[in-house]
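Following this line, the structures themselves.
Shared between the two complexes below is chain A, which has chain B as its partner in the first and chain C in the second.
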Partner chain A sequence: MPGRKKGLTIFLLILPFLVFLFSLYIGTTPISPSLLFKTLLSPLVSSWKASLPESVYDIVFAIRLPRLLLALAVGAALSVSGAALQALFKNPLVNEYILGISSGAAFGAALSFVVLGSRVPPQILAFVFAVLAVGLVLLIARRSDSPIVSILLTGVIVSAFFSALLSLVEYFASPYSLQALFFWLMGNLWKAGWTDLAISLPIIGAGVAVLVLMRWRFNVLSMSDEEARSLGVRIRREKLIVLATATLITAAATAVAGIIGWIGLIVPHLVRMIVGVDNRRVLPLSAALGATVLLIADDIARSLASFEVPVGIFTSIIGIPLFIILLRRAAKVWR
Partner chain B sequence: MPQTKLIYRRLLKITAFAGLLGFANLRPGQTAIVVTDSLGREVALPRQAKRVLSLQPEITRLIVALGAGDRLVGIDFFLRTHDHLFKIVYPGQERLPLVSMANYSVNMEVLTGLAPDVIFGAPEDPNVIAALETKTRVPVAAFSSMGRFDNLLDELRLVGRILGRDDRAAELAAAFRNHMAALKARLADIPPSGKPKVFLSFWNVFTNTPVAYEPVDAAGGVNVAEGLLPSFAGTLNAVVPVEQVLRWAPDIILLQGNYPPDRRTVTVAAALADRRLASLRAVKGKRVHYTFGFWNWWDFALAMVETSYLAKLFYPDRFTDVDLAAEGNAIFKMVYGIENGYSALCRIIRCDEWVHAR
Partner chain C sequence: MSLLVRDLAFRYRDFELRIPDLALESAGLTAIVGPNGAGKTTFLKCLGGLLPVPRGAVRLDGRDLAALNEPERARLLAFVPQEHSASFNYTVLDFVLMGRTAYLPLFAPPSAEDVRIAEEALVFVGCAAFAARPHFQLSSGERRLILIARALAQRTGVLILDEPTTFLDPRHETEVMEIARKLAVEERKTVLMTLHNLDMAVRYADTMVFMKQGGLVAHGRPGEILTEELLARVYDIPMRLLEFEGRTFILR
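And now, the complex of A and B:
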């Protein structure tokens, strides 16, 4: 690896930690660096904890830390999922939601908010229907002669189907259920707590680890099936593992944070522009850069105005023009 | 932003044009009252309207309160399906045909067949109001109180004029003012520093709060989000960061309780157990309560009951003599002419568990 590329790789890998530390300072309540430092170390030094204002301790440990950690996890999950699926489908326009995950999750959340009320949390139904949507795609496309094209097209159809169901539920919803659903659909991290992390982090952590560990194989999977087979790869099994893992981590991320668009499409492209198309680097760096991008977007979302702007709006606002620029510049990378 | 200005100008032109059409839409022999609605349009509305369609629940309830429920010719989906309150105050709603899901999805053919003299809508989308007016050729006015008592009373007066129920509107307005004046008199000696700071969590999202809510002010509290910039244009709600709630350090947190319990996604139990809010005085002192809140804008009777409830909640020692169940039922009787209406509502939203438990 040339020195410059190696330097960039190391920088991208440590970037989320730097942004994470910086993000701890950002918030509605000003907390000085020394107080923040003292607060972070206070669980270890009991005399420090006793001298802290209680609200500062709660802001750091109950509000900012879980939120930032969730942003890291969700950003990494969406980006890795997007990078893996792009490599698998050999298509740069594929994103983490292409298999109907977002519309399935949205429909699940809508059912929870509008039909079931408080009986079933939206996170559970969002996860179940996201997985169900992908299951449906795989079931419909399983006997096709060209499975990749079939899966992509079926993903579009299943997405449209769940979107129609979502519209139907929205149409019959009371304005009050709609408000809650509307806010969820726009993607946000305001509810993040340690419980959300405890539920989603094991799935996301394990899934991201599996995909990153498989990074060597993505280069082989990106070849034609015949070439991959000749190298001894069990294509069907490998593809299924990738699809299942990408689905699980995206569904887990979407269930806790709502629909946060464009991360899984843009970040892998940015990484390829920086370090090239070798998936051995694209996968882990997508995780790092995805986590960084979502952290920054969330910093903007929670500090731009007196009110909170759903972070999904920012990722879309930033993502769409960025994607246009990338499309113009990156054509040669994908050629 | 020239494009935004252009769109805004066009919208104004459309609504102004539609407003002018209102004059042409009056039936022969009808005399007109010219009013300025919440969209700022001059609209000519018929006096003594006999057939009325309201797509704005707050106004529909006012029409019933004015004793003109029998003039309603149709009903919207919210009132028919989701509004437990309207079923209590106007059982006659069952006979009314359904004309829309909300004011943005009206079945124009059904509506034309009902031949209303006037249509009331919500001011959320000027295009909808303009389309209603041009397609049905019926005068349309858009009103809402936007969390202000004065606006609610203006609405009452205007609807009273249009229905030829000016005396009843004046009677209701006087009762409302007297109610508020009596509360104010009891709280007159409380200095601003002695008033509790209140955070309101409405619309089923904890951090969604109204930037104006007069029952809190009238009950001697301070809405910590008062005057904040709304998150959504043309609405009252601001979605604030949780940190902001901690920074405000409210003495009391009020959650919208105007739902049957199984429809509440923000609950007192969850707020009290939320680790992020643990340092708040309101949480430590277990001063997290339900209140009624908006119910597709307001309900005239419930706004009065809620103000009494909040005054008693904020200053329990000063209102020991107030029996909220009796007062609530008396207010519902005065406004809607029904017996035990407030108790019936409480059975649905279980407000006896939070209003009368203290």
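And now, the complex of A and C:
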């Protein structure tokens, strides 16, 4: 690996931590760097804790820290599953929602808002229906001569089906639950608390670890199924591992953060343009860059105006033009 | 490594492949020839484990091919496809490294030893200089050599090549055949390939297998079985054999 590439790789790997620290500093309440430093270390140094204003402690530990951790996890999850699915489907234009996860989650959340009201967090049904949608796709696509084409097509069909169900629920929903639902659908991290993290962080952490550990395998999995099998891949088993893991982490991320589009498509793509297509680098760097990008997008979302703008809108508004620019330079990396 | 075929039958829609009995010699090059649609590629894919074979029909050194799982099979037998279309532009070395898959557990990236084996394979096919090049930039002749290198990185006793010389210019065609020959003679591998160029088959193969309509017509040493009558029977057009400077050529 040439020196420049190696330097970039290391830089990209530590970038999320730098941005994480910087993001702790950003927010509507100004907290000076030295105060922030003291607050962060106060659980370790008991004498510091007494001298801190309680509001600062709460802002850092109850609001900013969980939110940033969630941004890290969601960004990494969406990007890594995007990169993994692109290799598995041998198509760089596949995204992490291709298997119907987003529409399944949206329908689940809508159902939760409308039927269960605000007492029950929408995350639970969103997760259940996201997994259900992918399960349905795999079940329908199983009996087919060309599994790859049929999984993608079935994904489109199942997505359309859940979108129709979503419209049906929306039609009967009260204006109040509609508002809550729309805010959720736009994708945002503002409600993030430690309870969200306690459920989604372990799922995402474990799933991202599995996919990153498998990183080299994705080179082989991106060959045709027949070729991969002749090279010694147990194709059905390994495909199932990847699909299940990618689904689980995307569903976990979507359930807590709503639908945050384009990250899973653009981040792996950017990584490939920077360090090449070898998945040994693409998978871990997608996790790092995905976490960084969502952190920055969320920083912008919460500091741009006096009110909160859903981050999902940002990732799409920035992501789509960026993608068009990237697409023009893409031939170097894939076809 | 010996490859034995007995009562191999494979049916796909209205096509039927039937190989009653065939033994491939160790350390030899076998060329399967015959008209389009004779079932050559189907036969190769059955031997390569890409199509299902009945239990006991194919034996590798006495082991039943149908009873092996993918990694076990890929450590005994390598399959070189005719063409390769990839979506991602891996470097040549990364591409050849994929030949090490069968030796690596799910979570293990290739080791320095795996890299060394891949580089050795590249040297063998004469492409060591390409290691860092993106493989989209290769010509089709170079790509064919890289596919062979990837199969060599599998370190198998049996090497199966599907029409390795089709669409190649005479120089690359000769290069591929010389490499196949060297693998059989020097590395003592069992090399099996389908060919359309009969002159090449006669010149390089130890054994020729003539196929037609899913069945075997004849097999044996080219010098012993090759006749104008056999060629006419297999290809349905008249052909002549010509001796020139000690070599046999086929005219049509």
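Convention: the second predicted complex is superposed on the first by the 332 of 335 C-alpha atoms of A that agree within 3 Å, B and C clash if a C-alpha of one lies under 4 Å from a C-alpha of the other, contacts with A are read in each partner's own complex, and residues count from 1 in each chain.
Heads up, the rule we're going with is that contacts are C-beta pairs under 8 Å (C-beta built on N, C-alpha and C of every residue); 3 or more make two chains touch, one makes a residue touch a chain.
Given the structure is predicted, the values throughout are model-derived calculations rather than measurements.
A.B. asks: Who does A:40 touch here: chain B (first), chain C (second), both, or neither?
C.D. replies: A:40 contacts neither chain B nor chain C.
A.B. asks: A:302 contacts which: chain B (first), chain C (second), both, neither?
C.D. replies: Touch partner of A:302: chain B, not chain C.
A.B. asks: Touching A:124, do we find chain B (first), chain C (second), both, or neither?
C.D. replies: neither
A.B. asks: Quick check for you: in the superposed arrangement, does A:219 touch first (chain B), second (chain C), both or neither?
C.D. replies: In the superposition, A:219 contacts chain C only.
A.B. asks: Pick one for A:87: touches chain B only (first), chain C only (second), both, or neither.
C.D. replies: The second partner, chain C, only.
A.B. asks: Between chain B (first) and chain C (second), which, if any, makes contact with A:273: first, second, both or neither?
C.D. replies: neither
A.B. asks: According to the stated criteria, A:227 is in contact with first (chain B), second (chain C), both, or neither; which is it?
C.D. replies: In the superposed model, A:227 contacts chain C only, not chain B.
A.B. asks: Using the touch definition from the top, say if A:235 reaches chain B (first), chain C (second), both or neither.
C.D. replies: A:235: touches chain C, not chain B.
A.B. asks: Which stretch or stretches of chain A touch chain B in the complex?
C.D. replies: Chain A reaches chain B through residues 27-29, 54-55, 57-59, 62-64, 113, 117-119, 171-172, 174-177, 179-180, 183, 190-191, 193-194, 302, 305-310.
A.B. asks: Which stretch or stretches of chain A touch chain C in the complex?
C.D. replies: For this pair, the touching residues of chain A are 87, 90-92, 213-217, 219-220, 222-224, 226-235, 238, 241, 272, 276-278, 280, 332-335.
A.B. asks: Okay, in this complex, where on chain B does chain A touch?
C.D. replies: Touch residues, chain B against chain A: 77-78, 81-82, 101-102, 105, 203-208, 228-231, 237-244, 246-247, 249, 256, 259-265, 267, 274-280, 296.
A.B. asks: In the complex of these two chains, what residues of chain C are touching chain A?
C.D. replies: My answer: residues 48-50, 69-71, 73-75, 78-79, 81, 84-91, 94, 97-99, 101-104, 106-110, 134, 136, 150, 154.
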